[in-house]
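In the two complexes below, subunit A is the common chain; its partner is subunit B in one and subunit C in the other.
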Partner chain A sequence: MRLRINWSYILALTVSIAAALVIGAAILLISGYDPLKAYAAMLSGAFSNARHIGDVLEYAMVLCLCGVACDIGSRVGIFNVGGEGQLLLGAIVAAQIGVALNGLSAWIVIPVAGLGAALVGGLYALLPGWLKVKHRVNEVITTIMLNNIAEFVCEYLAKGPWKNPDNNIVAGTGNLPQTYWFTRLATGSNLTTVFFVATGMTILTWYVMQKTATGYEMRLTGDNPRFARFAGLKTDRIVLIAMLVSGMMCGLVGMFRVYGAEHIYKASISNDYYFEGLMVAMIAKYQVLPTAVISVLFAILKIGAQGMETAAGVPNQIYLIIQTVVIFSMAAESGIVSDIKRRMADKSARLAARQRAKEGAANE
Partner chain B sequence: MNEILSQVFSAGTFTQMLRSATPVALAAMGGSMTEHAGIMNIGMDGMILMGALIGVLGSYVIGSAVGGVAAAVLFGILVGLFFALFVVKLRSDEFIIGCALNIFASGFTAYVSRAVFGLSGTSGYEIDYMRPIEIPLIKDIPFLGEIISGNTALVYVAWLLILVMWAFVYRTPYGFWMRASGEKPETLRTAGISPEKMKWLSSVLCGMLCGLSGAYLSLGYLNGTFVEGMSASRGFIAFACVIFAAANPAKAYLAALMFGFFDAIGLRLQNYISSDLTSAIPYAITVIMMVYVVVSKERKRRSLQPRHDAAAAQPPAEG
Partner chain C sequence: MQETVIRLEHITREFPGVLANDDVSLEVRRGEVFALVGENGAGKSTLMNIIYGIYPPTDGSVYIRGKKVETFSPRNAIELGIGMVHQHFMLVPSFTVAQNIVMSREPRRAKVFFDNRRAEEITRQLVKEYGLSVDPSARVQDISVGVQQRVEILKALYRGADILILDEPTAVLTPQETAELFRVIRHIIREKNMTVILITHKLGEVMAISDRVGIMRQGRLVGLSDTRDITEREIASMMVGRPVLFDKLERSGEPGETMISVEGLSVRDNRGLVAVDGVSLEARAGEVLGIAAIEGNGQSELLEAITGMRPAISGRVRIRGRDSTGLEPGQIRALGLAHVPEDRLATGVDPLADVSDNLLAGRQRDREFNAAGGLRLRRSSIERYASEVYRKFDIRGAGLHGAVGSMSGGNMQKVVVAREFSHETPVLVISNPSRGIDIGAIEFIHTAIIEKRNEGCAVLLSSADLDEIFRLSDRIVTMYEGRITGEFKPDEITKEEIGYYMTGSRRKEELAPNETAD
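Up next is the complex of A and B:
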């Protein structure tokens, strides 16, 4: 297996991240914080002990799976922006399965919960996918609306029918019995054994998309659906399956969050995590391996920013600003590069024309 | 049941409808501009959110709600220029830039609001907001007066803008060029007008209107408070309204009014159904609206098609 490394991409990414950190520093400076101290606090917030490193890896796992779910959709030309809703529904269903099946062996409950979460997430993604394929309804808007709907439905379930018997918890499902919790890999951190499952899922997706005929068909469908149809591919079905798998992955992320980190469904199970994963996927240009790498980078930023908030009092949202600046500069990069190329082409064309004119004059 | 109905169709519901519809309508009118110029602008939600924050911030710093609105509009122009810089000048993917703008807005507004107002937000601060305006004479009309009078200034500004934006798009050369820049940019270029400039213009107008929408949200709808994530996907609902209205600003206002109506009904029904479920109604309606637009277009096309087919398939006349 040979990995092709796109050096100009890596250069652009490095420059973008550097630029984002400089702009972040400027914002910190303007709002009256010491940027050097803040960034130092950020680094120690991400790496100072095993717990923080564990949290970084756990968050990287969430970002990576969300990003990969987005990759799968965009590879076939459909943007699943609804991962947040799929994630929430998956989480609440998994949590409720754990509560309802209390007493059964973990070997039964965990697979059932995983299946339930994947199914709910997948079906919830299938709806906008079907609308897109069947009626050409813009999937970006429908998935975003479905996010909001899922959010409210989960809130309703967590306050109403599936409410925790403990009245101190206003909105949350029952506590997950401890026998079902994933085993922690570092004390006090959210990193659990499910990290290996997530890694496996990522590698599997990479393998399927990059190395198999299915992956090739997916790419064909996304790049040139007309040609794909002429080549005899059932593009509609490919899009639907991709959407289903993408939603299933998001549902599973929800389950991982409940069984690994929170042990209960509540709104904090995801705080627009899918959108952050979506950004990672965008920066990675919808490629699986870069998605995984950039997930780790952004997880360091995020967990570090939380440490920075406690240590230096800087609002942790600075990491969102830094992240989006990376996107903006990555998006600008292709424009600037093509602009420079066009100018250079213009120049050489002008030079060539002048040369020809000179020659013509000399010949006369 | 009668009691529910009379509550649902009271003047209060329609007042609420106007209140809920106005921010969506303002943004939808802005979105109509970019839509005409051929830009798929899904960054409106972020634009609204930033407008909301800058409105509150401006009102806090300047000390008057009008100043806040002006600040939000000016900032909206900047955001529009920023958006156009990427989408028009650098030709970045408008979807990526729109998404990034939304996330940037959520981070930026939360950061600034926490840095300026502290963790608990604007609640402890004295911020001038827009007071309702009672219109003499009109306010005495039964039922209608209650709805039309007693709104904040921006509701009336939105009414004015329906006319202005409609006339701009369909009755001025700039509007004409802007539409051409989306539909046939090459033709426009041949006519000696830069389609890029028209796209810049549309983006700036959209930024302004979204800023206004945000300012209404924080200074009018919520009486001078900023809440993190307060745009609550209104930008996307506005986008759906734009699609629904085929980018006609006047129709976009009507679509927003429909959204506002369902929002208001949801609020009324809270006494009977869980408020979480009623809050989901407008979003569900938006999905249905999107599906309806596309399906009805499809049906129209299909109803035209068979005639063509029939004409083509007809055997040549005998003789």
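Up next is the complex of A and C:
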């Protein structure tokens, strides 16, 4: 509850990232690229101008909200792997609302679209939550399956009833009227004013989880549901609400993508963004603030890698290599750290015992 | 004097942050019962685990029959003739007695096929040799705990053990089964000249069966004596490190109105079998009603059904006159009930949260702890409340912000009791309050329970420890296979006699559920 800085965690994360960069460099070297040049291109790809910085922040926002959605589930002991489906459904519903309500004021359409996206995402998450609570159905399996279903439903809608009549190349909804677009913060980038809303959502989630009785109850439920119920909490309801909110957040990410970046629903509205967010959440050990920080780090790597591809001709898959090495190292971290600690403790104990024995002998 | 079979020299074992054994030197001789006593966490089990080879000592040496042990592994210990019966039995429930006994050294036909007939023959032979009676072809899941223990002992004997380590062997036994176990121990020592090391914290048993006793406290061996030269009281003071006075608990007040009333309650256990079968009972304000039963006779399910942790199949529960059947635990708590659960780690705490957050559980919505109309937890008030409770209940160890999961059993139990006893609740349901905790903490918790009783609370107490039941209860009911078999005042029956009611071999007919229904 209190803000504590976990230095060993920060150290482990730094070492992981450094190791990942070294391994990435080795691969670059073997493939015949100059790693220093490639990394320099990566940095300039992420920071060289306002457009790049904007893209980094936009991508960080998407990762962060997805990660936070995952954090909310994890806090009550449920692993929402279905965010991708919730996101897609939110995106398509929000896009279609914009198309269908064309002509009405943005002050009406945007809130309605946000509400619609949140509702459909939330309800889509509520289903596996309900199955888990009432029938003990494993949520990991149901949410993964529901991802596929959502994908197919969206494909059907985008090719069928909600198809864009003016576009026969890409399957998607109609174009979003320009009056509803979020205002760009940097020319040419996808960063829009919704960034502030996302920041607010992240801070609000952090506040609720850390500072309120609700967050406390969520934590008890996640740590030991039997104890939570024993202490008088309505654990089923807490899990359902957390799942609803997690899904709502994913639905809103879909809406943000449509109204901020793409201005149309198409299948590429999310390129497994939720799964990347989930990775971030895992690395952040499901804590909100670290999720936000690591989102920014990963966004720098990802957007930078795209710049590196254009500037230095290095395939941006190098980003995936770095990302997976970081995840791998962090997953191994807790085990390795405790192992090292145990060995050090054993050794010092042996020394202390010898010392005591020596002193004992000297005294006699 | 007989030869020394085990010699420990300066054994030290350290775990991260804990000195479990600190320079322990000790000898055990052939043909004796050596009792090792101490509070929980005193290092008895660590010491035995070193002898049994589960882990090596950090420093010091172990000699078995004069030979220094170089490799520490259970396999090696078994070869050296050491057998250990753990507190939790290591048996395969779906196998027969004979199959369990010969496991790891099974007789075979043509070197491949398991020879069941031969296994049963071996078992019968062991039974004859050592005087422990078991049915070789019975399945372990169908036999009682006492018999399972005999199977464990036979298993060790079959593997050639002549040094037997018994870890808290009587914790799960009835008085009759305990007497039988002691008969067996005396038999194998007299007839086979074996050695038995008995880990226990029941001092009565130490006096009854052991030849010598070693007393451990905080990892050290603080006393070593021939049993006949020492008194129970002396042993207890050495264990705790100060004189312990099991004083009579001061009782005051008269029983008042009925606070808990249970009528014809039936409940299923986790396997779906009927564990509580039409139980009726009442507990009144200002009295402790004790439930005496051997583990697994429905008392756990009964208490869980009363507190809402488990649904009932039929019957009614009333708490302070209000029908509470089928309510959630939170709703039942709101009627004025507090609950100290049987399994503190699984049910009683959030092991990952700190002490302060564990003490808060259930009161997180109280006005006292919330600011801004419930929008913010008031950390300073929580801190103040928690540190007050922490002091009052004499919790030690991790401090207010240490994780509860890393505390010792006794302190963890104090956290549970501190939380449950700090609510304003006239009804207390308590299950095994002193299981696995040390004498000092037991004394504290017993006093707290009687204080609550004297204040006018109704206390429903279930315990596997008969001494505890007799010490605390104003009335005792016995339970066997899900039914009430008798009701007594503690002064009108002995512990031996009540054992017959706990095993169903006697019952008070007038109390059978069918007759009491109307």
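To be clear about the criterion, the second predicted complex is superposed on the first by the 338 of 364 C-alpha atoms of A that agree within 3 Å, B and C clash if a C-alpha of one lies under 4 Å from a C-alpha of the other, contacts with A are read in each partner's own complex, and residues count from 1 in each chain.
Definition applied: a contact is a pair of C-beta atoms (placed from the backbone, for glycine too) under 8 Å apart; a residue touches a chain by one contact, two chains touch by 3 or more.
Given the structure is predicted, the values throughout are model-derived calculations rather than measurements.
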item: Which superposed partner A:Ala106 touches (first subunit B, second subunit C, both, neither); value: neither
item: First (subunit B), second (subunit C), both or neither touched by A:Leu220; value: second
item: Dominant toucher of subunit A (residue count), subunit B or subunit C; value: B
item: Subunit B versus subunit C as contact partner of A:Leu297, first or second or both or neither; value: neither
item: Which of subunit B and subunit C A:Lys211 touches, first, second, both or neither; value: second
item: First (subunit B), second (subunit C), both or neither touched by A:Asp339; value: first
item: Footprint overlap on subunit A, comparing subunit B with subunit C; value: none
item: Subunit B residues touching subunit A - in the complex, by the definition given at the top; value: 42, 86, 89-93, 95-97, 99-104, 106-108, 110-112, 114-115, 232-233, 236-237, 239-240, 243, 274, 276-277, 279-280, 283-284, 286-287, 290-291, 294-295, 298
item: Subunit C-touching residues of subunit A, taken from the complex the two chains share; value: 1-2, 211-213, 216-217, 219-220, 223-224, 226-234, 341-342, 345-346, 349-350, 352-354, 356-357, 360
item: Interfacial residue positions of subunit A with respect to subunit B in the complex; value: 27, 31-32, 79, 81, 131, 135-138, 140-142, 144-149, 152-153, 155-156, 159-160, 272, 275-276, 278-279, 282, 315, 317-321, 323-325, 327-328, 331-332, 334-336, 338-339
item: Partner subunit A, residues of subunit C touching it in the complex; value: 10, 12, 14-17, 19, 23, 58-60, 307, 309, 328-330, 333-334, 339, 341, 346-353, 357, 360-362, 364-365, 369-370, 374-377, 379, 401
